[in-house]
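One chain, chain A, links the two complexes that follow: it is found with chain B in the first and with chain C in the second.
Now for the complex of A and B:
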């Protein structure tokens, strides 16, 4: 276990050292990622300034929700979501073979190799939005522990998405557009559950538990009722399990590039 | 002694799609794809003993790389069995790959923007190599391959030859008993090739490392292997001694000679007629003789009697040409 953690840290250090060869690119990317995180909260701010609102949610509360989304997304993108692009690139070039020649889990190796330090900008952006929200919400009544637990499930949900996307890349090779689909569905997570009709609300709570990345952690911290929150957690576990199963099945069907 | 590698009735069929030309066909293929099956490897069987260096030879698309990928655990076969050191590569992959090394000529294991030494330390972590063993092996291999001056420079700044040498170190740091090489010297200059071959022979002698090599460079095969497996369209057409192929199938010898005076023009012309004249300059000739029809040493004696020979050399065809003839001549394939 300790040697596994050491190896993971070694990969991270090498990724950072590798990126340091192009310092300017690293800085520009990190700043760009940070800035992008402020777009959605500013957009919602304009809605509130114009007199609009999301039922039952004040502007700082929506900021907290969007901060949770940016944080869980940023952490996921930094730690593992890069497996999607890494798989596409390696399967196309045939260098995915090299992972299969190492005496460690291929998935874990892929995750370690996909560490993306640039996304620290996304995490910082999420953290900033969350801190600003909390500044305007000094007396939140909810549970910090539950907030962190939902955040963990949020990161797990993104892991499930990354696994399914990576599996599709192993099977169908060029699947760049899948990311746009992922991006599209996470837009739904930027708003409170109360905005959605019954069918969509249930879908994103239980079937495709998207709300664990934003709505549920924010509700838990604000002390709001988080109906179907437990079902969403169970659903997330099932979602990740399906992702793992599909990924390993796809690996068995890996064809490699021509020799 | 039990072979270290056993391949029994190995078969691999790829499933792919096929479509005609044009946009209409592209749409048709999208909705109702037409699947085609290609048998890359057809029930091949062979075994390899510990310490052997075996050349795996064949034209592009013959099934060499597919066989190597199955033997390394990268691909699942359609049917058949492979046992390497008691492991079934695709079933026991994680445990198995700890005991093999691989160099794929066109797929680098090195980190492009970092010095090779960083990649070596990463390999140390992945294979859990004890510090002392690692340092010792690294030092020995760096010395043998003469890369001590380049291993601290970013990989992207190294020449292809230097990079390939580093790839070999990556593959051998954990001292694997079996080493798979898939076109490892592709594009590498002659000097670096020579150093790599020498290095491989040393490793093979010192550790009894079994080496399986696929290449299109017949010099690699001639310099390294005693045994050769020729594969064509998924089937093994020859498996055996490298020298025997030459002895059995090399029927041509070329005699190149430089001469001054011709003592007996009639007899001299008669000698030339026994072969195929390839070059016929005033003072230089190159003639190809069929060994089965002509006694070449006797013929050289006759040449010397009938002309003033200044210089003379007898060449056998290179292995490359022999293999080329085998690929192209179905009759020769049958004989194999």
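Now for the complex of A and C:
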């Protein structure tokens, strides 16, 4: 395990070093990712400015929710979500086979190789949105510990999603449009649960526990009731387990493509 | 080979090439209706919270039409000209185009026409039907379909020219990925795809009015609804079309100028 962690850190150092060969491009990319985090907050800001609102949520409260989403997504995209793109590229080119020959767990190797330094911009964006929200919400009465716990589950949810997407890329070549699907799913998470009707709200709380990446951490910090929060946590564990199972099954069915 | 004959050859070659990606295009049958669904849910909540029948100059039905039309229009105008050019310059393949008695810009444009012809049948029409089945076909009731089609043509050319400009950064920077990303982030707002441009604060609308990006999503969707208003300026359909044609003309001149300067910087090897 320790040697794996050392190897992981070594991979990260190598990725950063190789990216630094094009410093300006790295900087512009990171700024672009940072800016990307402001799209949803700006959208909601314009809605509130024009007189609209989401039932029961003030603008800074929605900002806190979107900050939580941006943070959990940013951390996930930086640390492991690149496995989707990496799988797509490697399966298409036939270089995925090389991973199978190495004396390290294939999944671990794929995660290590998928570290994406540019997504530090996403993390910074999420942090900025969260801090701005907290500036306008000086007397939040919720639990920081619970907020962090939900955030951890949020990252776990993204890991499950990354595993399922990567599995699909192993089974079906040329699935680059899966990213659109992931983007679309996260759009649902950018708004309070109160926006959604009963069926959708339950689906995203329990069946596909999407709200664990945004609504639940924000509610925990704001001191709001977080009904079905525990169910969402359990559901996240099941979701990740299914992800792992499907990924390993897909790996067994992998047939070298190349070309 | 004559001018038109060359164009037809490129067009049919692209049609054949694109058949390989028709399954990938079918992905839109899931993502397209889902995108409209999420917007439907959000806007329903916003309209319910305000208790007003009109928000930002739109009734709920008009907003749904705007969202649906601007979304499906994207399938018709979309292109990845910038990616092709960037890859060609970086990998060195661009040299092959310089040796051919054919303008790269013309080649890329005809290629886009071929590519989007497939999108019309595999993405645009099926997604339109699914959305109609989900939300009712009355949202597509319009007496301005011809104006809409003309604005889509303007949007089609506009996006192509903008992406050509973007791709030309490959001649100036070894890795222009960051610039492309930056543009794509800003473009989400500039096109009017996320939010109708007329809902933005007036100061921002004044900037949007002078930019050509509005013709990619905002103008076609508004033309379909039957109006054009931005930054306090109201235009009739013909005036909007002429304004779009003027914007395209200016953009085309900028592309030609930048192309002439940029190609001189090409070194002819993969970098």
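Everything that follows uses one rule, which is that the second predicted complex is superposed on the first by the 257 of 259 C-alpha atoms of A that agree within 3 Å, B and C clash if a C-alpha of one lies under 4 Å from a C-alpha of the other, contacts with A are read in each partner's own complex, and residues count from 1 in each chain.
One rule holds in what follows: contacts are C-beta pairs under 8 Å (C-beta built on N, C-alpha and C of every residue); 3 or more make two chains touch, one makes a residue touch a chain.
Since this is a predicted model, take the numbers as computed values, not measurements.
The superposition on chain A brings chain B alongside chain C with room for both.
With both structures placed on the common chain, the touch criterion links A:24 to chain C but leaves chain B unconnected. In the superposition on chain A, A:98 makes contact with chain B only, while chain C stays out of contact range.
Residue by residue along chain A, chain B and chain C are tallied for touches, and C comes out ahead. By the touch criterion stated above, A:195 is placed in contact with chain C alone, chain B being left untouched. Touch criterion met: A:14 reaches chain B, while chain C stays clear of it.
Shared-chain residue A:180: touches chain C; no touch with chain B. In the superposition on chain A, no contact is made by A:146 with either chain B or chain C.
For the overlaid pair of complexes, the smallest distance between C-alpha atoms of chain B and those of chain C rounds to 7 Å. Shared interface residues of chain A, touching chain B in one complex and chain C in the other, are 22. Listed in rising order, the residues of chain A touching chain C in the complex are 22, 24-33, 35-36, 39, 42-43, 46-47, 49-55, 174-177, 180-181, 184, 187-188, 191, 194-197, 200. Of all residues in chain B, those touching chain A in their complex are 14, 64-66, 68-69, 72-76, 93-95, 97-98, 100, 102, 104, 106-109, 111-114, 118, 121-122, 125-128, 154, 182-183, 214.
Chain A contributes residues 3, 6-7, 10-11, 14, 17-18, 21-22, 93-95, 97-98, 100-105, 252, 254-256, 258-259 to its touches with chain B in the complex.
Across the complex, chain A is touched by residues 21, 24, 27, 30-31, 34-35, 38, 41-42, 45-50, 52, 55-56, 173-179, 181-182, 184-186, 188-189, 194-195, 199-201 of chain C.
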